[in-house]
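Okay, so chain A shows up in both of these, paired with chain B first and chain C after.
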Partner chain A sequence: MSKRVLLGLLLACGLTASALAQEPKTGGVINAVIQPEPPGLMLAMIQNGPTQMVSGNIFEGLLRYSPKLEPQPELAESWSISEDAKTYTFKLRKDVTWHDGKPFTAADVLFSIEMLKQTHARARANLVQVDKIEAPDDYTVVFTLKQPFGPFLGIFEVGSMPMVPKHLYEGTDWKTNPYNNAPVGTGPFMFKEWQKGSFIRLVKNPNYYEKGKPYIDEIYWQIIPDAAARSVAYETGKVDVLPGGSVENFDVPRLSKLKDTCVTGAGWEFFSPLAWLWLNNRQGPLADKRVRQAIMYAIDRDFAKDVIWNGLGKVATGPSASTIKYYTDDVPKYPYDPAKAKALLKEAGYKGEKIRLLLLAYGETWQRWGEAVKQNLMDVGMNIETISTDVAGGNQKIGDWDFDIAFTYLYQYGDPALGVGRNYVSSNIAKGQVFNNAEGYTNPEIDKLFADGAVATPDSKRKEIYDKAQKILVEDVPVAWLLELQFPTITRCKVKNLITTGIGVNDGFKDAWLEK
Partner chain B sequence: MLSFVAQRVLKGVIVLLAIVVLNFFLIRLAPGDPAVVMAGEAGASDQVFVNQLREKFGLDKPLPEQLFIYVTGIATLDLGFSFRQQAPVAKLIAERLPATLLLTLTAFAISLALGVLFGTFAARFAGTFLDTGITIFALIFYAMPIFWVALMGILLFSVTVDWLPSFGYETVGANLAGLAHAADVARHLIMPAVTLGLFFMATYTRMTRASMLEVKRLDFVKTARAKGLSDAVIQRRHVLRNALLPVVTLAGVHAGTLIGGAVITETVFAWPGIGRLMYDALLQRDYNLLLGVFVTCSVMVLIFNLVTDLVYRLVDPRIEFAA
Partner chain C sequence: MKQFCTSMLKSPSGVIGLIILLLAISVAVFGPLLFPNSPWRMVQRPFLPPFTLSTVPLGTDALGRDVFAGMIFGARVSLLVGLVSTLAALVVGVPIGAMAGYFGGKVDDALMRFTEFFQTIPSFALAIVLVAILQPSIYSIVASIAVVSWPPVARLVRGEVLSLRTREYVQAAVVTGQSNSWIILREILPNALSPVIVLASLMVATAILLESSLSFLGLGDPNLISWGYMVGAGRTVIRQAWWITVFPGVAILICVLGLNLIGEGLNDALNPRLSREGR
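Let's look at the complex of A and B:
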């Protein structure tokens, strides 16, 4: 055998071996951290982060989304849109059963949507453009819209519109339904056990419609309330997956360097968390655009990214994160420029009036960030008083407009019509509520642009509208945009294919497998 | 004695009622309510939705009416429903109480046993190197914050030498039963119980030492000595027994507060107890659950106070059960 043939054979063997190595393997258990402990697992009724993370394995939506946010089939195997862009027809898979064996049909979809309108604030808002929903047969669902709604195909992921079993919820008192604590879905994993305060155990759904999936036998979501203890649990090999945000930022570089550890920032494209400071536009110095612009110039956002967030994330350029549709960076820029900030403050006649900075009680990183921003603003001569409270207390203050500046970060849900406009249109100014236009910014032009953008066709028209909206907003600085946040997921490298969609860990572990 | 107990129970019920009413209003003074928390989590909110939630939780009713509903519920041993966790409060507390009792009672036993032992030694050898050593040892654990001791313990015993688990109540997924399960829980219990126990141990050591030194000077000890009793008997039977009264008082107070006061230990060691349940309920403004935990803790304090009074009598028969 010549050397060349031998080499060829060896290469072929090597390639086959590497191809085989990438072939998913069945079996094994994944131990993941969940923080904080979810209050419940009924995704249709509770939408906090941990609930979505665990229940994304149990429940499913009609669609999933790729990292580029293109819709992909899940419970719906195909869909079509009418020419006038007002009718969306979904064809459901015919081989789907609930975990109790009952078939999943269009009746479940209709029921779920009616339920979600009452229990899920975001689904309710997303469905506002829907005129009627019909099920011509058991496996077809037709949505008729009042007018074309550009982002409509983006509202069907599991967290935004989870499917609920009609046969277990219809005619019952939803809030006390026993299945809230032993949820039944169609997902790749079934609920098995919840030792409150300790762990949640999910097991493989043997009748899952995608044959061969899921590959993993069991998932244990371990509840470890202390951030340092979560790091230790990973270091000592007790858990294999630390979803984004599980450990303090300053621990991320250290844990990332551990043996057999893989880190990824992927899986947040759909949510695209964007951090900003609410600026109360209604009263005092912040009512003046120049003071708000001064704040943008005064804050050293690169420092925050490099030091407080350990280099993770990206400096925000405006109201849209760079990962969502119709983003543009062709907007006015606000580099760190304390001198310019001082000049603007002087021009605006700011005379050292006290400004209250409300911090976000999400842990150490946010505390440090608050201190850094306070320092930045004091450096340019602003008189800042920080206010600390817990999350519920902070939300109440923001809802009551009882703040001057307040930290927050919000998800963008892939499309400006779903996750951006809500924070700037004047129809969303309402006392007592949070996460709307809490800053009190009013601009009829922006109202019109977001109203038009949601219903415009084709895509190029939408882009044009949102480009304009972004420019106006960045010029007006209704809020001070800080960073596009990145929450890295840390795993043992033996955990493969954990994140395959733009929804990441929240989308369930159906593609994940363990290398042995 | 029976009338004493009956009277104390009656007083306890009145105290409990006062606690419920006070806490009911106190909790509602905190900004934010569960409806706002939940609407916020959904990433969108409108007034209709928030109002719907408030109505569902009964938060739209006038405060006195809410209080009346709550108190009548308690009278029938119904602690209400946690809308946040979608389960009856009593069930949620019952799930967590055993873990807390196991942790706190073990810590309590460790602290009392070690505290009295060390205190006795320190008093017996007062002024010596041993006395100074014990005092410093006790002070160190009293002065160091619990979370710090806990983290150092984890670093040493879990990360460095890998002898003990760093978190949890049991090995998750091990599916152990019987003795093996008990041994597993015991292994998990060591660090949290010792951490919590060492903190309280310090106070018992100091209290026992001071009290024994005081009793030692009294005339009846001299008499005992004059009678020719051995030193060991004098220390045990005469000095220690008389010196224990303040320790019992302190233990009674501690035992009650331990139930709800193990929040930090439970958090650092991921111990699934009631302290963490209370903390989460507070953050989520889960009014019913929070009140439920308060009521449970209050009942515990009242029970421990009663037990303390009864133990007094055992320790010092001169004390009468004054009606």
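Let's look at the complex of A and C:
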């Protein structure tokens, strides 16, 4: 079964490659699933996954990112970095207008950033190193940093820093601004209507600055609450695009086999979701490094990939996903080796103390994965008790450090300084919060490496630092890395060029076209 | 007692029910001794259809676990939950009903309003809420099933006691100065027992169904395999692998049917007059 999906992926890759050679055709309507229904579409204030997916086609950022996460021009047509790596100058496109016809200028950029600092937690964190932002003229924006910050060029993606129209938001109460319900952006598609519980309709922006684009006339984002019904909607032809995660994993092989169906795992490189087990380093058997290493040896991660994720994804080698910057696989390896795990447990003097395993309440797949991991650990003699709870309850337990082992997966945002260090540096141990250093790992050397890595120049120096950090972490096993997750996007093959960037469907309709 | 046994054995449904229950109980008790492998162990490739390998006669589930082993271990959990939660419900319901019926007046009013408070809430919804709050575990499941199933017992016992307490032999006991608890325990309850036994046999069936429904919704004890859990876990792949849901589903059906047949047989046996005249 997994082979078939892989084959599907290969086929899909081949098809996109050949699609590039074809001349895009204009026109047509695409029906896509959006799951779940977004709470709102104002991307500057709401950053849920579904909001990013719909609104990423309405709003735009200064930059886009290729699947390899290289910055590409979007609203900024070019940029330059000063010698000391502290001044970034962006030249904006001069032909951009908002959906209501007003021109887009540097004033909008300055306003958007001021607004995002108040409404967007991740943008605020990303901008910490920024000393000042100036606009010497209408089409130039200059960022001056307090100190060089390596990942700086990685923070301009539409979901991380969407541009907001100053003329519609300045001086208003942002939360109650009527344009939140009918967002106005600069993007290839304009908001048309939203029938709650039914669909969201976007239409082509006829004045889009890239001439000829977008090719599609309209997008209907269909809202279908039941997973099985979403699969059926695809099978019956009601929808043509199933974005990653919108159907259950075990339906993927079946849907992939359907006629005229293309499957791809691409389009998640920027997020690079990495699944791991939090291991509570503070107390009990897990405080012993050897027990944590034993867990890595005991878990059959290839089985999880092939059976639970239907062959999608990749076994993780360490704290960084292989798709983000400065990843190295030159680290200690933990193949599935129950005998070695048993030996390590014995060496550590583990005597069958009860260990609690907290599951992640994200549905079927995670439930099954929990059962498989539990069985793996019990097979090497660990005494595991499963705790199941709802998402909020699980977050609370992790935040209160009331767990021994807990499932999770986190986004990495392309750069270790943005999405990796936060989970291992000791300054990020804070009770009551979830996605920080919840495992309670403290290592002054790691703290220093991540602090240096964020501000080091040039890139080769950063690479050296992060190589070292990854080696130390993999040796210490502060958490048990499981898989780099892949959420397959399933489309009718006539939908071409949908996934061309590192955020996939989130800004993909700009380039997409329909074969007739 | 002898009369009871013969009339029980005369009712065909009672006999069939008894056979089914005995079978289920022996599977629950001895099965795990014969098949010591944990039902959670991944033994074969996933989605292996039934009747292809003799080692896994009923096929494997989405993780390659033996469906047959799951059925055997599931019997244990399902029956245990059914019996224990029914016992717990009786322990709560019988005294409340007896006191309400015997003392009458304000005690009756207070106890019955309390009972009605539980009866007005849909029982399955209440069970879900209780399990969700208490975190799913075998204890919270038994407790919540008991909490939602004692009110009918209390109402039934109260009705029986109300009619019995006006009988002469009870009044005689009162006159001779027996204590209230003596009268309730020795004079009234033994005579009120037969409808309670019938009800209890049906309650076991309901409890098994409730546990299955909770497990089906993912609110089962994550450390124990049960039939409901198996149906729930296999439901989403029913189009690819029917056997994961069908076998445990049939097991639930047969077991609940057996208990209902026993209830019917008991009813006939304990109400000889009814069975003789009614049929």
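Note that the second predicted complex is superposed on the first by the 494 of 516 C-alpha atoms of A that agree within 3 Å, B and C clash if a C-alpha of one lies under 4 Å from a C-alpha of the other, contacts with A are read in each partner's own complex, and residues count from 1 in each chain.
Operating definition for what follows: contacts are C-beta pairs under 8 Å (C-beta built on N, C-alpha and C of every residue); 3 or more make two chains touch, one makes a residue touch a chain.
Everything quoted here is computed from the prediction, not taken from an experiment.
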| item | value |
| --- | --- |
| Chain C versus chain B on the shared chain A, clash or fit after superposition | fit |
| Of chain B and chain C, the chain that contacts the larger number of chain A residues | B |
| Chain B versus chain C as contact partner of A:29, first or second or both or neither | first |
| Which of chain B and chain C A:410 touches, first, second, both or neither | first |
| Touching partner for A:515 - first (chain B), second (chain C), both, neither | neither |
| First, second, both or neither for A:364, with chain B first and chain C second | second |
| First (chain B), second (chain C), both or neither touched by A:137 | neither |
| Touched partner set for A:228, first chain B, second chain C, both or neither | both |
| A:390 touches, of chain B and chain C: first, second, both or neither? | both |
| Chain B versus chain C as contact partner of A:302, first or second or both or neither | neither |
| Distance of closest approach, chain C and chain B, by C-alpha atoms in Å | 8 |
| Those residues of chain A which chain B touches in one complex and chain C touches in the other | 228, 389-390, 393 |
| Chain C residues within the chain A interface of the complex | 38, 40-42, 46, 62-64, 132, 135-136, 218, 222-223, 233, 236-237, 239-240 |
| Parts of chain A lying in touch with chain B, wherever the complex brings them together | 29, 31, 36-37, 39-40, 42, 45-49, 118, 120-122, 124-125, 175-176, 180-181, 195-199, 201, 218, 220, 222-226, 228-229, 232-233, 235-236, 238, 389-397, 399, 410-411, 413, 419, 422, 430, 432-436 |
| Chain C-touching residues of chain A, taken from the complex the two chains share | 227-228, 248, 250, 254, 303, 307-308, 359, 364, 367-368, 370-372, 374-375, 378-379, 385-390, 393 |
| For the chain B and chain A complex, residues of the former touching the latter | 30-33, 36-47, 49-50, 52, 56, 81, 83-87, 92, 95-96, 99, 151, 154-155, 158-159, 162, 165-170, 172-173, 266-273, 276-277, 280, 282-286 |
